[in-house]
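Please find the structures below.
The following pair of complexes shares a single chain, chain A, combined with chain B in the former and chain C in the latter.
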Partner chain A sequence: MQNLTDHKKTEIKNRLVEIFGPQNVTDKEPDLYTYSYDATECEPHMPDFVALPETVDQVVAVVKLANDMEVPLIPYISGNNVGGLTIPVRGGIILDFSKRMNKILHVHESSMYAILEPGVTFGQLKKCLDDHHPSLRYSYPFAPPFSGAVGNALLSGMNNMSSAHGSMGDWINGIEVVLHDGTVARIGSCFLGKEFRTDNWHTRYPMPDLLGLFVNWQGMTGIVTKCAVQLWPRRPIEKAYVSFCYGFENTAELMRELGRAEIADDVLVVSVEVAKMLLGIPTPIKIPEEPDFAMLIQLSALTQKHLEAKYEIMQCILAKVNQKHGNKIFLTEFDAGASIVGESFRFAYDLPAVVTPLVEYSGLTWYGSYAPPEHLGVLLEKGTAIFHKYNFPPFVYSKIMKSGHYSLFRPIIRYKKDSEEERARSALEEFFALGVEYGCLPYKTPAWMCNRLKEFIDPNWLEFFKKVKGFMDPKGIFNPGRWGI
Partner chain B sequence: MVELADISGLSQPSQEALKLVLDRCIRCNTCKYAYKEFTPTCPSGETFKFESYWASGRIRLARGLLTQRLKWTADMLDPIFACTACGACGDSCQAPHQDQIVDIIESLREFAVKSVGAPAKQARLVPPVAEHFNPYGAPHSDNAEIRAKYHLKPTASVVYFIGCTSNYRQQQLRDATLSVLQKLGVDFTVVDERCCGSPLIRTGQLDLVPGLMRYNADAIAATGAKTIVTSCSGCYRTMKKDFAKFGVDLGLEVLHSSEFINQKLTPAEIKRLQQKSGKNPAVTTVTYHDPCHLGHHMGVFDAPRELLVKIPGIKLVEMPRNRTSAWCCGAGGGVKIGYPEWAVHIARERVEEAHQTGATTLVSTCPFCKTNLSDANAQAGTDIDVIDLIELLDRAL
Partner chain C sequence: MTKMNDPQDVLGIAVRNLLNYRDSRGELEPLVAKWKKTVVIEITGIYAVSVHFNGTEIQIEPGGAAKFDLKVLMPLEMMIAIAKSEIGIMHAFMIGQLKVKKMWHIGTLLKFVKIFIPALKIAGERGVNLAKSHRS
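Coming up: the complex of A and B.
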């Protein structure tokens, strides 16, 4: 960090111990080291302290301390955001929420939301709903179960209902947040009432949407201590289909049309090499006769007729696309598809789950972006070519978002951290350049990429952004270094 | 490329395990709780909470030390040694290195011992093994007394490897096993055995280990046996998995007593034995604790349960965390000697979980589990009996 003197460091530690208790604060090198880097190419940095908050009062106290001492605070849940977002680039205090501030405070059955503390994981939420609220469901990304549900929402991550409902940032009904001076503010309909209650977190509108001051800010404007996320009714019938796609533009068109038809919870494609990875082939290479992509289409329905109607619409769309581009896309039921590409493909039906190819090595990074649907075809094609250029097996992951209003374009690189990181970084640079060319907006954006992005964005936006940041965080304590400021 | 630390002085298995950390583990955190169950399974992480106390954190420490980004300090020892090495992390992990996580942790311990020495408490294991061939420092027994008492010949088709904890501490288990084997008419014997090496391997203190293994292998080979049966889960794992890693080929089938007896004991045999003994035990509700060295490490989950329900009068109820999601008893990995209070704290959680099932008896298949669960039971005053499966069986037959 900014060269803390020993005296200052001792004072900070003493105050941290007062706030959290000695067993919940560490400044030991082995402990700090484990928080200093993540799976990505982002440069490691050591924190000065790690603390384990449990209560809002503790968070208020540590924010006041950080302001007094001008020491950075870095919110941390599980550290697997694939953007280096919890690496303390200027040192400071990591607040690890996943260990003690991880309770599901309330599930509101009739208004369909859950109020979560910041450390709640997808796995926890899934178990809670399955065990106690089986009529409701949340949705899950292709991420390990021990990933932060609140963090993913605040960073506008996507999930397996995003084709219908958009990114998780849209699913937040409200938050409780600790501001730089220690004020605890409730945002959304939960602002009703002088005290915290569980029954009024049903919407973030129509009041001015102050949530925008916190969503996608990567922890730069305050520390969120509660978050209400929308849940959805669990439909009695769920059925998935797989299609194998030859070609790029036709694949993109099918995704767009399925999105616009609003029949699917999720429509995603992955490079066919991913299917080979799932089969355990160590260096998967597509042979010319094989399709370029596997597409997963997840439907849910209230009745069998409802499902049949959706299926009929899906078939009509497919026929139209195939008529236009030649018969290059083949649809099959998920079970039949899984029997072709391997049983391990079934993880997609049982999220949250580990996607085994993603955990094969010591490094993992991506260019995660939200892309204009019109350019999806060219992105798929050129993205695949970049993988070949840098000799990584293609791992393009893409989906249509929110009925086709936007799309996800996410090339993923799995690599060996100590020997392949430079190559991975070079490939990412090229994915970034491709994304900029076609209007993609990176999300969970690493600091180095934000710095590059600044070259391409409206300077007035940046100026405004800095002003807001200065207002929200005058002493620069909240996760400094993000977005290049 | 980074310059790696010199680990050529470590055992070959440790060198191989440590090198894995360079290219494995993105810290996806799946090791932190039972996969798909989403329940806590890591005693170390759940207690100490910082990332360095979970499997993925230890892999990071190993990587930091191997790449010399981290230097050895005294602070390094607790994250490395405050772990029961229960292997629940390996059952949860879905990555290719899942079966090597415990190996990595144990290798890291050897690396620590060779670099800065073992922690003082764990170091106390070595002298008694060197002098008395058991970690308790009890006068060595060559088991001649047992052979005489049970009329055991020098050669037999089965060797019962008693293990130090059963021979010097939990002797009821030893005696029950001897009794059951005799009741079943098994052609078995015991040998002048030495510590299998498990406590030393688990704490990274390997100097004596190859000698202990070779001695035991030779003693067993001299009996002409085809099968080794042990009632200790720690010995079982060591003989079945670790001996080969250290280049000692037993060339024999190794079975846990629950596996062996489960194979032998038919309902007709039970009836015959009960008629002979006149025993007719009352109905007892029991729950079963999976010893980590039998379950998480070796995947033996069914045999003990099958044997349990064969015992007349036994009603088995499961704890919520069972099989691959089982919670550790707290004794393993050198924790009982290194962190005795914490070991019992872990066991208290398990005893309470057992009590919540409504069972009156907590059954396990490892003398070390029995010791620690009994300690916790006594400390907490929980109204539950702690007993080994073979003792329960012996009482019923």
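Coming up: the complex of A and C.
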């Protein structure tokens, strides 16, 4: 939209004001600026307008307007996706759902789902469940409470029950979406009936799974206006354990085996440097005697005996791994362990939360990927080495996913935007190359990384992808520039 | 109040944290005011830290000092069990889970036990409260 004439811009603004009301539309530079960038290395770009939708009818109207005028539309919640995914690379209209289209429309107790508007945050959802539906729980990220739950699900993020239940894309039962021509379609079992109801969002199967046209598309195929996410029963007993791990392959093996045993809600490891960051050392240096990783294992159980059985299984697995690799992993319970080492670890219990090490620097970026579990050991080792090569404190965050079917490999770089961005970018390039070598699939992927990825993927997939995009968005209005097209 | 350095390693941070629990209650200073000893704490299989008590100045550093007055060794899970009062230190000692070198420095041993074990128990209680607050 760089070549937009003043006349056209005025016309768009007038129509936006008609749709949303003057108080919910802005084209003032100071208002637009905050939507032009994020913490990553991705190039900033100003939008032309920001609008605050409240109703589906308004979204339909703005999609029709965008189609008429060929103006980009960028859905936005909190902008902290760490992938430049809401930077309006070709200008256009930011639709900020966080302010007014942020209601929890329904929580279905017996079928265990919540229907959310796109602006609902994790903090909101957690409070709603804790206060009004204490028998149910959702899964939360190491991210601030104001992060968007729907965006996280649509981008297949991962949270603190993903070791058991997989990425959040798997948790979506259905969506309501506005297509490029303004059609409002309901996808999933909610397609039953002519009108929106709250009692039919219980599954996305067995009809053809059209959700695949929207999940992971980074807002390129339509604007989601409702999303039903699965909830899970809250178990009365929850207990966390922490282990200190020396070595890479044994750490990976323990993660894999714990995943396969299906006893844990979550199994994650972080570089020991991250634990030290949490203890108040901003740029930690590992001493040789320190463990390489800290592992957090979260269990939940119906009874004390259930918990004891899980604990016994966990100890058996650990003993087996330690027997094979030497006694290099030390397990203890989290509560007392955290109180001994430092209670700043307790945020792990209080997710969603602002994780201090993630907000200490002006720049934050990562290579987030889903990785084959078999390569996790080498990824942990080589990933750590890349941090050392580029002189950043190692910040590897890894998790076993969906009972060991896949894993998360996510090196995170915190950097000073004014002086370290080039070095961060070079390190990211190297993480990307490492990931490709070992079959990792980047998620929430910035456009530049998608462009690199094209060199390594099936060209027929890419052609098919472009055709689908062309069909879903013939005028290219939906979040253009994402996935490198 | 005592004066402690800022250790940069995980175990050092843990030891400082434990001592701080007592220091913040005003309990540490009278215990160490006239004490000049070096105590090594080794968590079996992990590593050791040395705590140099020099009156109210306490220096914590990674690694086992070659010259020490007392060395205490225990596995991680034993430290947690003592913190949670699941096992007493005498019992831990009797079953070989808690080992002490230069045990004949009985005064040093008793003083160290007086400093360190209540600190561990404070941590244990705080851990229980942490768990309760999470579940409430």
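Here is the rule we go by: the second predicted complex is superposed on the first by the 482 of 485 C-alpha atoms of A that agree within 3 Å, B and C clash if a C-alpha of one lies under 4 Å from a C-alpha of the other, contacts with A are read in each partner's own complex, and residues count from 1 in each chain.
Just so we're on the same page, contacts are C-beta pairs under 8 Å (C-beta built on N, C-alpha and C of every residue); 3 or more make two chains touch, one makes a residue touch a chain.
Being a predicted model, the structure only gives us computed values, none of them experimental.
**Student:** Would chain B and chain C fit next to each other on chain A once aligned, or clash?
**Tutor:** With chain A aligned, chain B clears chain C, so fit.
**Student:** Quick test of understanding: once the structures are aligned on A, what is the angle at the Cα centre of chain A formed with chain B and chain C, as a multiple of 10 degrees?
**Tutor:** Taking the centre of chain A as apex, the angle works out to 70 degrees.
**Student:** Figure out whether A:I313 sits in contact with chain B (first) or chain C (second), or with both, or with neither.
**Tutor:** It touches nothing on chain B or chain C.
**Student:** Looking at A:V50, would you say it contacts chain B, chain C, both, or neither? Reply first, second, both or neither.
**Tutor:** A:V50: touches chain B, not chain C.
**Student:** Is A:I285 in contact with chain B, with chain C, with both, or with neither (first, second, both, neither)?
**Tutor:** second
**Student:** Would you check which partner chain A:G123 touches, where first means chain B only, second means chain C only, and both and neither mean what they say?
**Tutor:** In the superposition, A:G123 touches chain B alone.
**Student:** Residues of chain A touched by chain B versus by chain C: which partner has the larger set?
**Tutor:** Counting contacted residues of chain A, the larger count belongs to B.
**Student:** In the superposed arrangement, which partner chain does A:V378 touch: chain B (first), chain C (second), both, or neither?
**Tutor:** neither
**Student:** What is the contact status of A:T26 with respect to chain B (first) and chain C (second): first, second, both, or neither?
**Tutor:** A:T26 sits against chain B, while chain C stays out of touch.
**Student:** In whole Å, how close do chain B and chain C get at the C-alpha level once superposed?
**Tutor:** 12
**Student:** In the superposed view, which residues of chain A touch chain B and also chain C?
**Tutor:** 350
**Student:** Touching chain B in the complex: which residues of chain A?
**Tutor:** So the residues of chain A touching chain B come out as 24, 26, 28-31, 33-35, 38-39, 50, 52, 78-80, 96, 99-100, 121, 123-124, 126-127, 144-147, 350, 353-354, 356, 358-364, 416-419.
**Student:** Can you tell me which positions in chain B touch chain A when the two form their complex?
**Tutor:** Counting only chain B, the residues touching chain A are 1-2, 21-30, 32-33, 35-39, 49-52, 57, 60-61, 63-64, 67, 69-70, 73, 75-76, 79, 94-96.
**Student:** Quick one: in the complex, what on chain C touches chain A?
**Tutor:** So the residues of chain C in touch with chain A come to 8-11, 13-14, 17-18, 43, 45-48, 62-63, 75-77, 79-80, 83-84, 120, 123-124, 126-128, 130-131, 134-135.
**Student:** Show me the residue ranges of chain A that touch chain C in the complex, using the header's touch definition.
**Tutor:** Counting only chain A, the residues touching chain C are 238-239, 244, 272, 275-276, 279, 281, 284-285, 287, 289-291, 327-328, 330-333, 335-343, 346, 349-350.
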